[in-house]
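In what follows, chain A forms one complex with chain B and a second complex with chain C.
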Partner chain A sequence: MTSLTGHLGAPVVEERVRHAGFWAGAWRRYRRNLLAMYGLVFVVFILIVGIFAPWLAPYSYNKVNLDHALEPPSAAYPLGTDQLGRDMLSRIMYAARPMLLVGFVTQIFAQLIGVPMGIIAGYAGGALDWIVTRLIDFFSALPWYLVVLYLVMVLRPSLENLILALTITSWVGPCRVVRGLTLSVREQDYVDAAQALGIPTRLILKNHIFPQAAPLLLWSFAVGIPTSVFAEAGLSFLGMGVRPPNPSWGMMLGEAGQWWIYRPHMFIFPGLMITLSVLAFQGLADGLRTAIDVNVNI
Partner chain B sequence: MLDYTLRRLGGVLATLVLLSMFTFVLSRAIPGGPWDVGVEIPRTPEQIAMFKEKYGLDKPIWQQYLVWLRNAVTLDFGSPYMAPEMSVTQLILRQLPYSALVGGLAAALAITVGVILGMIAAARQNTWADIVINSAAVVVGTIPGFVLGFVLIYFFAAKLRWFPSGGWSDTGYKTLVLPVTAFGVPATGGVARWTRQCMVEAMSSDYVRTAYAKGVRQAGVMSRHVLRNALIPMITSFLPMFPAMMTGSVFIEHTFGIPGLGQWFVSSSFSRDYPMVLGITIFWAVLIALTYFVTDILYGVIDPRVRLTEKEG
Partner chain C sequence: MAPLLEVQDLEVAFFTKDGVVRAVNGISYTLEAGDTLGLVGESGCGKSVSVLAMLRLIPEPPGRIMGGRVLLEGRDLLKLPAHRMHEIRGSQIAMIFQDPMTSLNPVMTIGNQIAEAMQVNLGLEHGKAMDRAAELLTRVGIPNASDRLSDYPHQFSGGMRQRAMIAMAVSCQPKVLIADEPTTALDVTIQAQIVDLVKDLQQELNMAVIWITHDLGVIARLARRINVMYAGYIVETGPIQPLFKAPLHPYTVGLLSSLPSLDLTDQDLSYIEGSPPDMIRLPEGCPFWPRCRYRTERCAVERPELDEYAPGHQAACWNVAEVLNQRSSALVSEGA
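Showing the complex of A and B:
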């Protein structure tokens, strides 16, 4: 019994000579990918919007103004107002924050857990590797969004608990990738040589194994973000993510309730932002995959 | 082969036991419980104690788990707290058909359309047809189902009035069109891309070059040499889509107001309905694990190399 998902295979990393021009070559390959370039531009754009939202937003994100409720886009409110008369544009700008927060923070935690576990399991082998592999199998056998949903509901819905729940399901990806890479690097002659010279394991891991994994980590970091972004939108849509009055695109869709049929601006703009963001992060990951020549079976 | 099958089956069982323990411990480790959900006035300690005694929640957790496990082996998952007159199994079987119909049709749609498009893209590699299909697959594959659901309802239910906007009524197939589309179309993108990749990989093999060299026409090479080999990774990815999608998407069911299993899972988790949550989780896990199991076995049958490497590893 290897695994329930054993057929998905360990990552196969092509051997390559990495010279000074590796990152330059990667950038050249990245630029050729139109979707990847869109992703880069959009991500930079949304980062700026999210970080500078208090200065960019024309109104407050939770200023209720019932006299102007459910207004279609106008000069005063470029994207219209919602059921409480709050400015949609300002809310959409502020909502970039939870999206970015969940996307990035979750992946940072996932890497911090998954990478050391993958390196250690792959290098040590034996019982340790067996346990980690079983854990990976266990988590990959479950549909991730069910686990997240369940955890968030048991822990009470909030942004922090959403990040926690997503971290619990997200470390598996980087761990699997890094473990596979470590397994193949461990067999290299220079690692044998380092062992023969009596170099401490800690230093072998740090100086030989980790640098090999670095470009792969960049990709595995990026590839997890679309899932987190989707999860934030979806759970906020169900009312289980971001807490009101803080805005989230998914929550804006969920709150559009019975009005959106008559006021299409209430679902078009948040829906568009969710789709454009997921597409951008997906493009970014796809671009990185070809740029750094990741040859992983997923 | 028998050895291989048994080992796989053992793995499936181990995963299920682990999963049930995980869900069990987690649900009870968190403060609060079913007694303080949806009540205006907090219940008195005596009332809570009575509730706990009635459902055996006052015993140590490992005892509770063993009792649950013993009953679960005989497919008895208890009664939901919220609907004590029914059994968990009955309730699951009552709600499942809604999810299964929408999800099954969506998966069938995604696989049929996706495989055809992916094969066209692979056969016309690097032409405009390939580029169009591939870009469309990427874009379509990233649209969340519930966002697409809103767009579909707006145009085809509210504006054109062709289909009902949701719910589950007697309008027959018409109720199904929009949810199946919203659920299936994003999945089509992934299927098309994976099909293309599998086909392209198979097309670059030596035996394909040999086939061309000995004068086999393209249609022959495609069907006899490329497709056969590309089918292996395709089956392993597409077969699990059926249970995964037939168990229902919470998001799609929420958008269209479908009374499926996904919606029940959410409301049961909200009300801390332990037996129901555990029952649904295990039911889902069994389905998914069984599919992986069948896929693995099928994989071993199609490709003898798998059995050999398994033995070494």
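Showing the complex of A and C:
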């Protein structure tokens, strides 16, 4: 086009095409995925419930009322009460908080450790990359659930130690993803061009390599959360996570153990919440994966 | 006065699994401020590697600069500590790359990319650098420059991207501009515009330009001197007129006669027989002898050094006399 008009001596007027941005396209692809949309809605719902639990919950999560212990769902207690007469609905709402805290905080720490390590190793190559790769291999080979269990037992069971233990085992995912991407991006001509212009390595990593990894990191963030959520529920079930009287879905499942034949509501509702939220986060991650994959341009 | 840039016996090798690739084998040349030097040769003859070595941008490993000196205003760049090279790149020596489609970061706006170098090298703050970027884009011939700062590379055409690359390269007013086949990926009308643009900018900023190409037509419009490279050696060097009119090295003769011309009718396009040597196993003696029409027994055993045959016009060949002889007799027979 340009050459033609230029050739004819006319002023070169370039047609200016406004393409929809990357994120607009990603959102369009995301919307088509039903499971992903369910995931998004449910995650937003859980976030609202968790954050506003003190205002939304009808009762306090630890108000003991033995006169109403082990009651099935009723108008006063929509999801029934537990063995101490505490309102199940309120406890389930409050229990969203440790779940979200463990899920998000663990992934934030995992990314803070894994991303810089991955970028530096991938860019520097050589001995540094060898060491990081071996570390990744080592941590991937460990049975992470046992390691987390062991760490929490040794350190003293608490929410903080649970987050610490999960962080130690979950930085590997983002690190591997970012290292792989950096390896391919650093071979791009524009990285050479930036070097030839005297841009220091620090800025090349920050401005030219990290932005390429950003969408992928969003995905690796989302895909890591269900693992953490599941780990929190499992460890709390075993009494290694959230400490009573604070509620956790896993712990509520554990408490339901001796009553479940008579009072199935005690395990159905927390169990349902664990299943639904793990499913929601997984759907969210799955949707993000297709949404950010520019090769799937539907 | 010492020349602006002096390359002495530069040697670069790549250590691969299959053996040592001797990419650049002791090349020397000088460049004065405001001058234009053409580096000509076919693919893989070490043109790009020799300039990347100057900027110390050879990937190490597998690459290694084996020896030589690169003096910029008397300072040896090859001896500078790595962190000092950042001060050279961009602000002293800048480079335009071959493929404008891949040499711009696809996820960074044009404005930010041009401004980045000025923020780093000239210490400009972001707003100031963006204003300068707009001026530069206007200067390289992009309309509505200030609107287009926020565009991404995919919104630019190939020629516009190369213009943006040129704006980036000259943004910090380098003393030496290296153009690594900047017109190869562009169509012919744009090529001419880009060549003229670089020529104008060179005069404005008094830059020395090293123009790498395998297109002799482009180089004829630009350069004052030409280095013809073959298998990592400079085989002929000279001012543009004598080199085009009376080439001394058989390789240059071959290159020039393989140029297609417009009045070419039913005669075949001539070409150089054979293919470039395996850079891991360079032939002993002259690297060109297996393909050379003028070869003698001596060529296979002893490598010729550059020798001066006319003022500033040197060639590395044992049989220059033969080459000249043959051409003059060809001219005579043509005249007859």
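What we mean here is this: the second predicted complex is superposed on the first by the 273 of 298 C-alpha atoms of A that agree within 3 Å, B and C clash if a C-alpha of one lies under 4 Å from a C-alpha of the other, contacts with A are read in each partner's own complex, and residues count from 1 in each chain.
Everything that follows uses one rule, which is that contacts are C-beta pairs under 8 Å (C-beta built on N, C-alpha and C of every residue); 3 or more make two chains touch, one makes a residue touch a chain.
Computed from a prediction, not measured in an experiment: that's the story for all the values here.
Visitor: Touch test for A:Gln282: chain B only (first), chain C only (second), both, or neither?
Guide: First partner only, chain B.
Visitor: Of the two partners chain B and chain C, indicate the one touching more residues belonging to chain A.
Guide: Touched residues of chain A are more numerous for B.
Visitor: Per the contact definition in the header, classify A:Ala124: touching chain B only (first), chain C only (second), both, or neither.
Guide: neither
Visitor: Figure out whether A:Gly198 sits in contact with chain B (first) or chain C (second), or with both, or with neither.
Guide: second
Visitor: Should A:Leu164 be classified as contacting the first partner (chain B), the second (chain C), both, or neither?
Guide: Once the two structures are laid over each other on A, A:Leu164 reaches no partner at all.
Visitor: If we overlay the two complexes on their shared chain A, which of chain B and chain C does A:Pro264 touch? Say first, second, both or neither.
Guide: First partner only.
Visitor: Looking at the overlay, what does A:Pro226 touch: chain B (first), chain C (second), both, or neither?
Guide: first
Visitor: Counting only touches as set out at the top, which of chain B and chain C does A:Pro211 meet: first, second, both, neither?
Guide: second
Visitor: Report for A:Tyr145: first if it touches chain B alone, second if chain C alone, otherwise both or neither.
Guide: Once the two structures are laid over each other on A, A:Tyr145 reaches chain B alone.
Visitor: Taking the stated contact definition, name every residue in chain A that is touched by chain B in one complex and by chain C in the other, in rising order.
Guide: 1-3, 6-7
Visitor: Considering the complex alone, what residue numbers of chain A touch chain C?
Guide: Contacts found on chain A: 1-3, 6-7, 12-14, 16-19, 22, 126, 188-190, 192-200, 203, 207-208, 211-212.
Visitor: Quick one: in the complex, what on chain A touches chain B?
Guide: 1-7, 35, 137-138, 141-143, 145-146, 149-151, 153-155, 226, 230, 233-234, 237-238, 253, 256, 260-261, 264, 267, 271, 274-275, 278-279, 282-283, 286
Visitor: For a test of understanding, state which residues of chain B touch chain A in their complex under the given definition.
Guide: Within the complex, chain B touches chain A at residues 7-8, 10-12, 15, 18-19, 23, 26-27, 30, 135, 138-139, 141-144, 146-147, 150-151, 153-154, 158, 236, 244, 247, 250-251, 254, 265-266, 269-270, 277, 281, 284-285, 288-289, 292-293, 295-296, 299, 306, 310, 313.
Visitor: In the complex, go through chain C and note every residue touching chain A.
Guide: Going by the criterion above, the answer is residues 55, 57, 61, 85-91, 94-95, 97, 99, 102-108, 112, 116-117, 120-121, 143, 154-155, 157, 159-160, 165, 168-169, 172, 187-190, 193.
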